[in-house]
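The structure that follows is given in the form of structure tokens.
Letters A, B, C and D mark the chains as written, and numbering starts fresh at 1 in each.
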Amino acid sequence: MKLRESVDEAVAGIADGSTVLVGGFGMAGMPFDLIDALIRQGATGLTIVSNNAGNGDVGLAALLKAGRVQKVICSFPRQSDSYVFDDLYRAGRIELEVVPQGNLAERMRAAGAGIGAFYCPTAVGTPLAEGKETRTIDGRDYVLEFPIKGDVALISAHRADRLGNLVYRKTARNFGPVMATAATTTIVQVSEVVEAGSIDPETVVTPGIFVDRVVRAEARSYMVEGAR
Amino acid sequence: MKLRESVDEAVAGIADGSTVLVGGFGMAGMPFDLIDALIRQGATGLTIVSNNAGNGDVGLAALLKAGRVQKVICSFPRQSDSYVFDDLYRAGRIELEVVPQGNLAERMRAAGAGIGAFYCPTAVGTPLAEGKETRTIDGRDYVLEFPIKGDVALISAHRADRLGNLVYRKTARNFGPVMATAATTTIVQVSEVVEAGSIDPETVVTPGIFVDRVVRAEARSYMVEGAR
Amino acid sequence: MPLSTGELAALVARDIPAGSYVNLGIGQPTRVADHLTPEQGVILHTENGMLNMGPAATGDDIDPDLTNAGKVPVTELPGASYFHHADSFMMMRGGHLDVCVLGAFQVSVHGDLANWHTGAPDAIPAVGGAMDLAIGAKQVYVMMTLFDKQGRPKLVPKCTYPLTGLRCVSRVYTDLAVFDVGAGGAVVRESFGITREQLRQVT
Amino acid sequence: MPLSTGELAALVARDIPAGSYVNLGIGQPTRVADHLTPEQGVILHTENGMLNMGPAATGDDIDPDLTNAGKVPVTELPGASYFHHADSFMMMRGGHLDVCVLGAFQVSVHGDLANWHTGAPDAIPAVGGAMDLAIGAKQVYVMMTLFDKQGRPKLVPKCTYPLTGLRCVSRVYTDLAVFDVGAGGAVVRESFGITREQLRQVT
């Protein structure tokens, strides 16, 4: 029931103004085919939560270029090839909230775990904590951080079974398992779909309970920045 | 450097008055051999954090019976065969802090993750939230919960490599991975020790960074309560 | 005719939507599993770290490393997964379970739940995962008798036993009637061997 | 003689205790890895979800799914493990890393770190994992030149650049000297081609 026939079917119904969690660390784990489908689908005014703000002209960068994104919440927008974001930002055409990478992960985990807020040691005394509540606990200072919940998560995994159980490949795992827990609707593109029972239950990384839609998509051969 | 020759060597140095996190859910995942070694080692005045408070006369129950435990922090002390704890408790010879099971897990995770405290939806309006700070966030009520950090964790896993990477077996996994992150010194008994590289890196459940000492111990054939 | 426990379990099972992720707690509600059909494709969660739990294990299938929340040996179904306790309770507390079914000492007409402690001064308190389930699952069903052994209703205007969770129960299945509970109070959905008039008098 | 970047990286590598779990951030500090010996048994962590990361990948070993924090393709060593971002940052923020080595714009003599933002009004802010590493690792080493391109000391009484973390750096490795920093101020451990008197004048 979770399997979809096409990436277009997989992204159906994403509403204008949605908060969309997008997996990937740079190119690794980026759900390219789902993002391309989202561009075709047409939803606009989106808030994107992702570690970066797009590379080159593909994936997240293509979505930004298409003018569908109102705000980006990320840890590291600036990269050697983030020119699409850079131009939009300098032109004042996109909002940016910079979040320390660990807070990005932990705030999404909090959303997935039902935590209302948490005291975090990161960013104490820095500009990124300005205006936030702080508290001293056992002699250490903390900043109060709130969950980041997505309407939708778009992630990429290596293999899924028909129940939505997922395994990933190497460091392409990154934000996928966390985002899967934090969104109302989690949509996953995978290289391979197998029967239930084909994935060793001890090795499942994302249990199917966190997954709503699965679609097989050819793994794209994308560039690795450092390998250019 | 993490491998120990014997369980007695593995538990060496545990101080009187330590907080000891003890893995297991009932019998499954209980580190029997490490607990027996701890009894021989002699540390006393211990605070034990574990889901239950011992079964029959073995494992945690034996440690309690030996008079080494001052306080138990657990979610479910009362079981069909928890008579050792029951007698100590009724005699006023042991302190008890009952913690909802999810809080027990999340408070240890918080200790492992550097979280100072977190707002939690569990137990709002119940006796277990009495005297605790509460806060309404986005219209929902939460209780403020603080981390539980261990001086020592004693856990049981299925297999370790020489770097301390661990995999578990079925529901014996339970609290092991969480406790491993939450203690200053994590001590693990395993059925099998293998060379580095023998465990598929995609399937490691507890990375070695959370593990300080590993010892091989014959898996005990223990009773399953429900199977009696 | 009042329903037997088995009939009640079957009734609950029938009402669980296809494809749901469900936790059946411990004790009597676990009998709901016997009445779920393969076509329903319901996936059972057990708090001690497993999804797609199968039936109780017998004979050579008994594995001390594979038990349910009641510590009874169980089996795994194809597509199962294992995870640690923080992840397991994340599923519960984060609102990922569709339905949980719990026993109760008392439920209030507004959905308050009391099922962990009788309030007896000499009782050893033990809560387990009850409070996490109560506040976490999207739908909390209670399965209980309508009256206790002393003949007092267990569906009450206000719980007198120590609470497990506030306004968390959505439906109460009893041997004599099924109720929706919540902000508007209790509403009878169906009854068995008791008239609505009689029900009104006792609840 | 002032140290070259390679010599400085070798110096840092020499000071990392055997068996340590270490994060080398991005950029220049990653060169420390080239000088670690197998006997040291140091295990490298990369924030994007891996322990026991190996050297950079070349040729056919390049795998787009296996990169370091700088998005450079790398390799895995025997005993590696992969994990998701929340677990990876748990290692950092929970105090499980023994050492991290970071670059810096400025470090204060009391150990404040500024390495994420120049403060230039037109710069696009980007923090990545810098703040998490700064507050999380047991020992935070900084590796930088002692002077910036305008000849101003980067070890300062008080940082003027936006901070990454407060009182988090324990040691500063520069081309001209190594300092311990902290509550008591900066203390020179060793110097290279500069006298202590000269150091006192500039820092």
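One rule holds in what follows: a residue touches a chain if its C-beta (ideal position, glycine included) is under 8 Å from a C-beta of that chain, and two chains touch if they have at least 3 such contacts.
Fair warning: this is a prediction, and the values are worked out from it, not measured in the lab.
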- Message: Using the stated contact rule, I'd like to know whether B-D or A-D comes out ahead in C-beta pair count.
- Response: A-D
- Between the Cα centroids of chain B and chain D the separation in whole angstrom comes to 35
- Message: With centres defined as the mean C-alpha position, give me the chain C-chain D separation in Å.
- Response: 53
- Message: With centres defined as the mean C-alpha position, give me the chain B-chain C separation in Å.
- Response: 27
- Listed in rising order, chain A residues that touch 2 or more other chains are 106, 109, 113-115, 120-121, 168-170, 201-202, 205
- Message: Counting only residues that touch at least two other chains, what does the list for chain C look like?
- Response: 50, 76, 82-83, 86, 89, 93, 135-136
- Message: Going by the touch rule set out above, what shape does the chain contact graph take here: line, ring, star, complete or other?
- Response: other
- Item | Chains grouped in pairs wherever the two touch, ordered by label | A-B, A-C, A-D, B-C, B-D
- Note on the structure: The answer for chain D against chain A in the complex is residues 46-50, 56, 62-67, 70-73, 76, 82-86, 88-89, 92-93, 117, 122, 124-132, 135-136, 162-166
- Message: Which residues of chain A touch chain C once you look at their complex with the stated criterion?
- Response: 1, 109, 111-115, 161-163, 165, 181, 195-197, 199, 201-202, 204, 207-210
- Query: Quick one: in the complex, what on chain B touches chain C?
  - Reply: 25-29, 51, 75-79, 85-86, 89-90, 96, 98-106, 108-109, 120-128, 168-178, 205, 221-227
- Item | Complex contact set, residues of chain A against chain B | 106, 110, 113-121, 135, 137-138, 140, 142, 146, 167-170, 200-203, 205
- Message: Please output the residues of chain D touching chain B within their complex, sorted ascending.
- Response: 19, 21, 41, 43, 45, 50-52, 76, 78-83, 86-87, 89-91, 93-97, 135-136
